[in-house]
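Down below are the structures I want you to see.
Both complexes below contain chain A, partnered by chain B and then by chain C.
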Partner chain A sequence: MNVTPEARPVNARRRILGDLLLAAAVACVMAVAPSVYSNQLLLFNFVMFLTLSQGLNVIYGFTGYLPFGYVGFFGAGAYGFALAVMHLHAPPLAAMAAGAGAALVLALVLTPLFRLSGAYFAIANLAAAQAVYEVISNPALEDITKGPYGVSLSGVYAPDTSYAVSVAVLTATLFLVVWLRNSRFGLSLRAIKEDPISAAMSGVSVVRGRTIAWLCSALIAGLVGGTFAWQISVFYPETAFSAQFSIFAVVFTLFGGVATLTGPLLGVFILYGIYNTIGITVPQYFQLIYGTLIVALVLFLPNGLVSLLTKRGYRVP
Partner chain B sequence: MLTGAIISGLMFGLYFTLVGLGLNLVFGVMRIVNLAHGDFLMLGSFAAYWLFTLFGLHPLLAALAVLVVFVAIGLPIYYGVVPRLLIARDSEMLSIILFFGLSQMIEAIASIAFGTNERSIPGRVLGSGPVSFLGQRLPSAWVFGAAVSAVAVAGVYLYLYRTRLGTLTRAVMVSREEALATGIDVHRISAIAFGIGIALAGIAGVFAPFMLGSVTPAMGADINVAAFAVIVVGTLGNPLGTVIGGIIYGVGLMLMQTYLSSWANLLPNLLLIGVLLIRPEGLFGRAVRRA
Partner chain C sequence: MSPDATPLLTVDRLEKRFGGFRALDGVSFRLAQGEVLGLVGPNGSGKTTCINVISGLYPGDGGQVVFEGQRIDGASMHKLARRGINRTFQSPKPFLSLTVRENVEVAARYGHAGGAPVDLDALLASLELDGHANRPAEDLNSAQQKTLDLARALATSPRLLLVDELAAGLNPAELNRMADRLRQLADGGMSMLVVEHLMGFIDRVTDRVIVLNAGREIFEGTLADATRDPDVIRVFLGGTAHA
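Moving on to the complex of A and B:
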């Protein structure tokens, strides 16, 4: 492509503007949606998956490391929130911070997993999420976590506030992705994904880049987990650590296209929309559909729906 | 109690060797991760369940039927997806995602076809009464499962080291490119290995109702973690190292269940993460390492 020096900044500015507009539009739509549509829980679920998919996008899309146990951070956030409320009688926002802190600690503990190459990282991460679940749901810890019997946080139940907070988390996440797409740091992450050795030789700090992306991604999932605990207020360990969360986030992100802002959004709106029309009554049929979709995507469209446009030279936000 | 835990651990170790062996064979030959391994095992369990319930077929005969049918199913699956995967840039990573999709398809179809109820086969089918061994009384179904596993492992050994196809398979394991250059039909060898890999999962599945308790269409995910723990503890890509991994896993599991039963479910996860972190290169073997 021939790009004249004068034209480039204008183009770049237009790109950033496009990204920002899309992010702001989605955030606004989800913020006003409850006044138009009365099923707030359904809207909350959409916000939750929009945020989780973008959070997964931060680590998988930009660094190529697939966290199959992404739900571990979500569950850590939910249980961090619940434990802070139950034992410290913390106000909800402080409890959110506790949840986010729990997710960050788990992420720090798991940073050595980056020594593993892609496939082993994914499997080890899955095992780690299960290990956290086994600990929290263990009857031996009933005094602390209530074990497998679940937690009840009816004292802080506030669906409107928690919905608003979840939209705030979504907004922050969307702008983080916009920043990653348009910043030097985001570019360095993608360089690491393409070829870590060449990136390191060009002066990119591989370890630092991956770790920051990893912590951001975990923080997002932890915050979503906290809002989930706040919104739902009664839940069991198998709900908070349900593999469904990781699976859906991965499928939605892959379906739309990684490392874009549009891809995961499209994935959630289309697939989670379908799930809510047919999936809840007959989950097996939905499972069959997304299983088939994954196989077809990997074989025929590994870069997701948006690659239909990007291959033809269009830039997708 | 300790002797009992170790002896039953060895039996379960042999069984878990069988659970992981197919996964490791597929990884060793194709360098792809078959995340649907546990679901093929589940299909084997349901095959055994229906063959027993409808026709009263003995699990041993069911295992033979599963062996033949699964090898036959494996060939078209291999040719359908694996050659396309292997030309991709990051085939290992893509294989995880693709086979994860396949595992979801299998689980969904199994739930639609069989329902989500737990199924089991009565243990007395494999002989009545416990077997006494070194002063320990063990359920005869366990002894049976361990014996069949040992036979299957020996069969894989004989295949790899005593047949011409096995020699070619080992050549592909060492270097796919060099095998191709010497005129070996790499795809045919790999397709057969893939078939054998899922057939081994199927045979392990036939005995799952006796060794692991009742079976459901959703059991695959847990089996996968156990199978991974076994093959990572043994040597990844070396099918016979799986025996070591299986035995460490089985004995560890039985010791945990005897002395720390409420934490026993943590074992496969911790074993897997621990070994991956402490000795990744030693356990992965030479061929997997990249720059």
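Moving on to the complex of A and C:
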């Protein structure tokens, strides 16, 4: 029997305070970062992946469903934003709501995928995201989506404001994860992840819990997609639906450790930091170093970096 | 308690098929308040399937299940838990990464079927799990995980507890303690349907038994009478019984 050291008892109030402080610290750092570092696009990318990783954490970390097509919600959010601006001349914040709505509608349409599990769910979700991409990029829909020719939203281009909104979305997402980690609802989601049958026999409505987590996760990706469209203002379907968004979000989350606040944050800061450092300085070794790091982690720390502490009985925020 | 008292549970001509295989073929019985009914039979006779259908894990294909005067067949598991029906599993299914206390907390918070709130500390202490309360359930041995499965079910304050081979794998001392616990629960008014292969355990815990074979009820009465019943002897031992 593999015995884990008994968790060190932590006062519940102190535990929640620790989570809140970490969330607030990250939000504050990203909010003031543009005033000390001039590459705002890089900072935006950090904020985007911090938020996407936590959004993925909501559905995968808490319920165990891994959506490989997570980018579908991101792309839906980006195109929801773009269509609202192009056709309705909506102000950016209203267009953000449209993007979020598009992601939620897609999530609702895809809820039957929960009949699947494991790899089947992941693959079906990936296929669904690809299907949305094919619709958006269809040249026959050029009048509506601009097809494969991309959209230009130069009229609403406002990098400072869109960055501020992206930090607001990140902050809300971090506090959502804090709530999930410390709430009765979050506990029920973790029960669903462990064993849906036993969770149901414990009185947990598995369908309801999973659907709420799914919608929250999609909403987050949709909002991030909206801020992405607002921030870069010119993009193509293959940009907004790039599998890289899903892959990065999954890898960052797994690298740090799921169902924690810290894990995905560590994953983004370390891996995306390395990606932007060695990818520029020694690009010829980038794939080798990055791949080796990920393989080593999967082999030796399959539960992520935070498991170094949790295995010793420490509670990681 | 007499089976003629107002039934808490009525199972009427319950059917369940898996493809062409009839796992339950018109099983009927009644269970009174505070009564402990044993469900025995050889492997594949339909005992666990019966519990699975009553607890909502499988939908039935015919017949009906009535609990406290209302039909419950087709209801989802979480609704049945909140209505006062809970169960243990043949292979315990605790939430492995959650602590022992969190395991019972989930059930107490979401599945409580009414009445006084459950004192979780007292519940864990009564089942000798209090010393493990802050450990992940994955650290427990199989007997402790079975006990935790029972604790999770009891945390919902069920009025009907479906017990599926809880005694399997327990050593004699654990077996005795488990039998005493179930008997105490029954004496406190909880009704139980107990599936078990260990006849000594069944004898200690139940008031009467139903013997199933190939999805059909072949005997209903006391365990002592069952051991003398020619049909039961034939099913369990094979060959022809001699009266």
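Note that the second predicted complex is superposed on the first by the 287 of 317 C-alpha atoms of A that agree within 3 Å, B and C clash if a C-alpha of one lies under 4 Å from a C-alpha of the other, contacts with A are read in each partner's own complex, and residues count from 1 in each chain.
What we mean here is this: a contact is a pair of C-beta atoms (placed from the backbone, for glycine too) under 8 Å apart; a residue touches a chain by one contact, two chains touch by 3 or more.
Bear in mind the structure is a predicted one, so any value in this text is a computation, not a measurement.
Asker: Counting only touches as set out at the top, which of chain B and chain C does A:I197 meet: first, second, both, neither?
Answerer: After superposing on A, A:I197 lies in contact with both chain B and chain C.
Asker: When both complexes are superposed, which of chain B and chain C contacts more residues belonging to chain A?
Answerer: For chain A, the partner with the higher number of touched residues is B.
Asker: Under the stated touch criterion, which partner chain does A:R184 make contact with: chain B (first), chain C (second), both, or neither?
Answerer: After superposing on A, A:R184 lies in contact with chain C but is clear of chain B.
Asker: Output check: A:Q284 vs chain B and chain C. Expected answer is one of first, second, both, neither. What do you get?
Answerer: first
Asker: Once the shared chain is lined up, is A:V36 touching chain B (first), chain C (second), both, or neither of them?
Answerer: Once the two structures are laid over each other on A, A:V36 reaches no partner at all.
Asker: Tell me the contact category for A:P112 with respect to chain B and chain C: first, second, both or neither.
Answerer: first
Asker: Can you list the residues of chain A that meet both chain B and chain C?
Answerer: Dual-contact residues (chain A): 197.
Asker: In the complex, go through chain A and note every residue touching chain C.
Answerer: Going by the criterion above, the answer is residues 1-4, 6-7, 9, 184, 187-188, 190-191, 194-195, 197-206.
Asker: Show which residues of chain A lie in contact with chain B when the two form their complex.
Answerer: So the residues of chain A in touch with chain B come to 64, 66, 68, 112-113, 115-120, 122-124, 126-128, 130-131, 134-135, 138-140, 197, 243, 247, 250, 254, 284-285, 287-288, 290-295, 297-299, 302.
Asker: For the complex, which residues does chain B have touching chain A?
Answerer: My answer: residues 33, 81, 84-85, 88, 90, 92-98, 100-109, 111-112, 221, 225, 228-229, 232, 262-263, 265-266, 268-270, 272-273, 276-277, 280, 284, 288, 290-291.
Asker: What part of chain C is in contact with chain A in the complex they form?
Answerer: 55-57, 76-78, 81-82, 86-87, 89, 93-99, 102, 105-107, 109-112, 134-136, 138-139, 141, 149, 152-153, 155-156
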